[in-house]
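By written order: A, B, C, D, E and F. Residues from 1 in each chain.
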Amino acid sequence: MWYYEKKLQYPVKVSQCNPMLAKYLIEQYGGADGELSAALRYLNQRYTIPDKVVGLLNDIGTEEFAHLEMIATMIYKLTKDATPEQLKAAGLGAHFVNHDHALYYHNAAGSPWTATYIQAKGDPIADLYEDVAAEEKARATYQWIIDISDDPYINDSLKFLREREIVHSQRFKEAIEILKEERDRQKIF
Amino acid sequence: MWYYEKKLQYPVKVSQCNPMLAKYLIEQYGGADGELSAALRYLNQRYTIPDKVVGLLNDIGTEEFAHLEMIATMIYKLTKDATPEQLKAAGLGAHFVNHDHALYYHNAAGSPWTATYIQAKGDPIADLYEDVAAEEKARATYQWIIDISDDPYINDSLKFLREREIVHSQRFKEAIEILKEERDRQKIF
Amino acid sequence: MWYYEKKLQYPVKVSQCNPMLAKYLIEQYGGADGELSAALRYLNQRYTIPDKVVGLLNDIGTEEFAHLEMIATMIYKLTKDATPEQLKAAGLGAHFVNHDHALYYHNAAGSPWTATYIQAKGDPIADLYEDVAAEEKARATYQWIIDISDDPYINDSLKFLREREIVHSQRFKEAIEILKEERDRQKIF
Amino acid sequence: MWYYEKKLQYPVKVSQCNPMLAKYLIEQYGGADGELSAALRYLNQRYTIPDKVVGLLNDIGTEEFAHLEMIATMIYKLTKDATPEQLKAAGLGAHFVNHDHALYYHNAAGSPWTATYIQAKGDPIADLYEDVAAEEKARATYQWIIDISDDPYINDSLKFLREREIVHSQRFKEAIEILKEERDRQKIF
Amino acid sequence: MWYYEKKLQYPVKVSQCNPMLAKYLIEQYGGADGELSAALRYLNQRYTIPDKVVGLLNDIGTEEFAHLEMIATMIYKLTKDATPEQLKAAGLGAHFVNHDHALYYHNAAGSPWTATYIQAKGDPIADLYEDVAAEEKARATYQWIIDISDDPYINDSLKFLREREIVHSQRFKEAIEILKEERDRQKIF
Amino acid sequence: MWYYEKKLQYPVKVSQCNPMLAKYLIEQYGGADGELSAALRYLNQRYTIPDKVVGLLNDIGTEEFAHLEMIATMIYKLTKDATPEQLKAAGLGAHFVNHDHALYYHNAAGSPWTATYIQAKGDPIADLYEDVAAEEKARATYQWIIDISDDPYINDSLKFLREREIVHSQRFKEAIEILKEERDRQKIF
């Protein structure tokens, strides 16, 4: 079980009210390769992954929830002072009439999050490649958002998050090697 | 952010390998009114709900993740020793060829979880009624699973969870009254 | 069964061709808390709700179809004289290439209607809280559309509809109290 | 707007409690080519179809709601006296833990109804071919359910409904010819 | 099985970088009545259609993949030189943060392709009417895109594709007549 | 564009009518990690992948369509002689009332195929890891189906397909290394 502490993993500041940036940032909240996908994927795989890797999935899965909270905080700060007219002008009119200023788990195009974005196969190697791919895709998404963003504070936080994805990808690749080695060792004896 | 402690909110025991019960229990893992829906709904609403209610959503949202973990543990314990043939006989053959013994966020009929199960309107009264309805529906789902279950250990855990939903529903109803009173008081002055 | 009379429940007028308003209004046609969701939810619940409440669900469910027809009429009148260029400028270009001037059951962001927006649990209290929540969410949606609308005729119709949702919510809350009283009385004797 | 009269278009009787038949029949309630798809498709197309065909879509759309009500009544009668154990044995356990004895708009495999089953293009000929195809597909579905059913009362009602689909298909084909003739006449002058 | 030859069925040229046109054109890549729907629908129906029609489905299904490739080529050429800012201005910002310049099977509004767009009933007449309707709807979609397009080269290719749909529709109608005649002949003898 | 030759990539034989095996095999037809997902993923990524890898994606994508055809042939052969009663007994009753003996792109649990199963990021390394993960997951799925299958002829074909996935995974891993080397070389100069 989890304990909540009222603190963010890494500080989140925004330069100004900027609903258009929020519109794109929501991709990492409720999009295919966003933080919700990441957290739910890893925590779900814990039960059938070899013991050696459970702790890794647990740690990264829990961290991804902290990332989700950072993204939520950014989106909220970028939109909380926006008028309906400003949201409309930013392409968030459809979001506004459905959710007002509330957040929602959809991607930048407004498609609701679906569990079909993630997978669990029971096969440890397949599951860990799913995880490597997920981190590489999240890294790419952060890059595209940074490319489109004009807020240096947001970009600072996004670069932190992009770095974390690179670290996670590395850890998952190492886990694959460990499991393969073990598998090969078992075949020899 | 959250901290993980390797412990369940309430102990989970199973009488025996019982994949058919697991098949139905998965409704509360990845179904419309399951624990994933609950956790994600409340944590997402935190940003636009009045300050007075943020703590409540935070606490209950975090607790629902603990419930999700209990459900996951039950499903895993009920299926981990089942052979493919036993899974097939229990109506879990379709799950097996896709996920082996891994868990997945779908409902008992195999439909993947979708964010369209939950809502956030930005209107505090509407959001809290959404939450009351969610708890009442979760309570009903636990009742139907208990009705169909033949494992006394599982039923003990499910009754604990059902009670928690009733408590949560009560807390959300109280929050509605607090917000309505405040709203009415503001109208007077 | 139903009989159709060629008449609207409440008159619908539009000030002028206004495809951008239509874009947002479609949220109440095919969106999560729109009139289609309402009508289908209540009529579907009729079969397992206690006899005392069947008439209420039947009346409100039938009325929601009249509301759906009003919304459809508004959307059609707001868009029928718009050129493709005007639809494009209003953010309806994606709708146009798929549906021309025809209506379709999707929300303002273009996500198609799905039955996962609604629920039926068989438990009368849970189902009626689902209905209360639905009306509160519909009320909020009408408010957000009124906030974003600049057409006084449309707003007049939307205010009528918003009032109806408030009345429905009240009726469903009363039904909950009636069923709870009955349940408690049965427990005493 | 519509008026409800408490009467079915055609009488519905069932031989006995038969949840397995209900499981298949639900295909015509919330499945791709079922009565919900039909009613919503035709009523939605009314706004952009030529005046000559509006009445036809209105009549058939309204009739399809009466068919939906007949199907709902059949499903309810086939399941209302079934115990959870009987529902489980009939392959309706997943439906039960989510909905108890309530109905729901999903197909026989448990996939929720989605508006993507239907279409509206604004082009009258294309829309009417969509409607012809819909009726032909509904006719086929009724045939497959009759083939799998062992209840003569249900089959009597299903044959009535299958006949209605054939009549509707014929009416839509005639409407296509009328519109094509008119189009050709306009080209000549 | 299929052999690939590096050549398009019909040449594809674009006047200039034009991401807004690409945004609408993607409707025929991953939309309801687009080329992916067409190819997958016909090739899937091959197995249960009467022998007489298998070749037709095979030929048209294979051709539709060639059309899909033409559409993909157009979209890619219209967007490959666009900057993130240009994509944003064209309403493709949501696509960019998720997919950069890559293509994806969604419709113009960003809804991912789903198999629920297509159907296979096993009944040859019903399946062929599904196919006729599909071609008529694809024809309409090409018309709406041509109406909204300002690129004469693209329009030349789109007119070629629209003509092919009309030819396919005619072929499917003929196949229906052949099967009906055969059916009637079998009834006589 | 593609040319069709009426021949399978590898011969497909079935021991006997076996609809239950068909029910599970359909996972590789229209499931998350099936051949449809594979073919559509690779062919879609061709446009933005570096030139060096285009041929690889083209070859493998085209081969996956040949695999899809093999799977379709297996499913059809396993079910074509089954009566409605046999389909019902095999858990294919829901499929039958919707599709008769026709195939359809859904997974073993009956969920329709959705493009959300696949991804394209525009980032070559991320896309190739997506492809490696896809092949590893397809390999696992073939393994689970072989584990559950009792038809030696089918298993022979499935083992061929499983081997192909392993080869493809290897090829994609090599492509990643080639691209990484190139990237590193460019950084040096």
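Basically, a contact is a pair of C-beta atoms (placed from the backbone, for glycine too) under 8 Å apart; a residue touches a chain by one contact, two chains touch by 3 or more.
The chain lineup, named per UniProt: A, B, C, D, E, F = Spore coat protein.
Since we're looking at a predicted model, the values are computed, not measured.
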Those chains that touch chain C (Spore coat protein) and also touch chain B (Spore coat protein) are A, D
Per Cα centroids, the chain farthest from chain A (Spore coat protein): D
Among the chain pairs A-F, B-F or A-E, which one reproduces the interface of B-C, with more than half of its contact pairs identical by residue number? A-F
Chain copies touching (chain B (Spore coat protein), chain D (Spore coat protein)) - same or different residues, decided at half shared: different
For chain C (Spore coat protein) and chain D (Spore coat protein), let me know how many angstrom lie between their CA-based centres, rounded off. 22
Just the number, please: Cα centre separation of chain A (Spore coat protein) and chain D (Spore coat protein) in whole Å. 42
Could you work out how far the Cα centre of chain D (Spore coat protein) sits from that of chain E (Spore coat protein), in whole Å? 28
Shared interface positions of chain F (Spore coat protein), touching two or more other chains: 32-33, 91, 98, 100, 106, 109-112, 114, 116, 121-123, 140-141, 144
Line, ring, star, complete or other: which one describes how these chains touch? other
Chains touching one another, given as label pairs in label order: A-B, A-C, A-E, A-F, B-C, B-D, B-F, C-D, C-E, D-E, D-F, E-F
Residues on chain B (Spore coat protein) engaged by chain D (Spore coat protein) in the complex (per definition of touch): 20, 23-24, 27, 31-33, 91, 107-111, 140-141, 144-145, 147-148
In the complex, chain E (Spore coat protein) residues that touch chain D (Spore coat protein): 32-33, 114, 116-117, 119, 121-123, 125-126, 129-130, 132-133, 136-137, 139-141, 143-144
Partner chain F (Spore coat protein), residues of chain E (Spore coat protein) touching it in the complex: 1-5, 7-9, 30, 36, 40, 44-45, 47-48, 58-59, 62, 65-66, 69, 72-73, 76, 98-106, 112-116, 118, 120-123, 127
Which residues of chain D (Spore coat protein) touch chain B (Spore coat protein) in the complex? 84-85, 88, 91, 93-98, 100, 106, 109-112
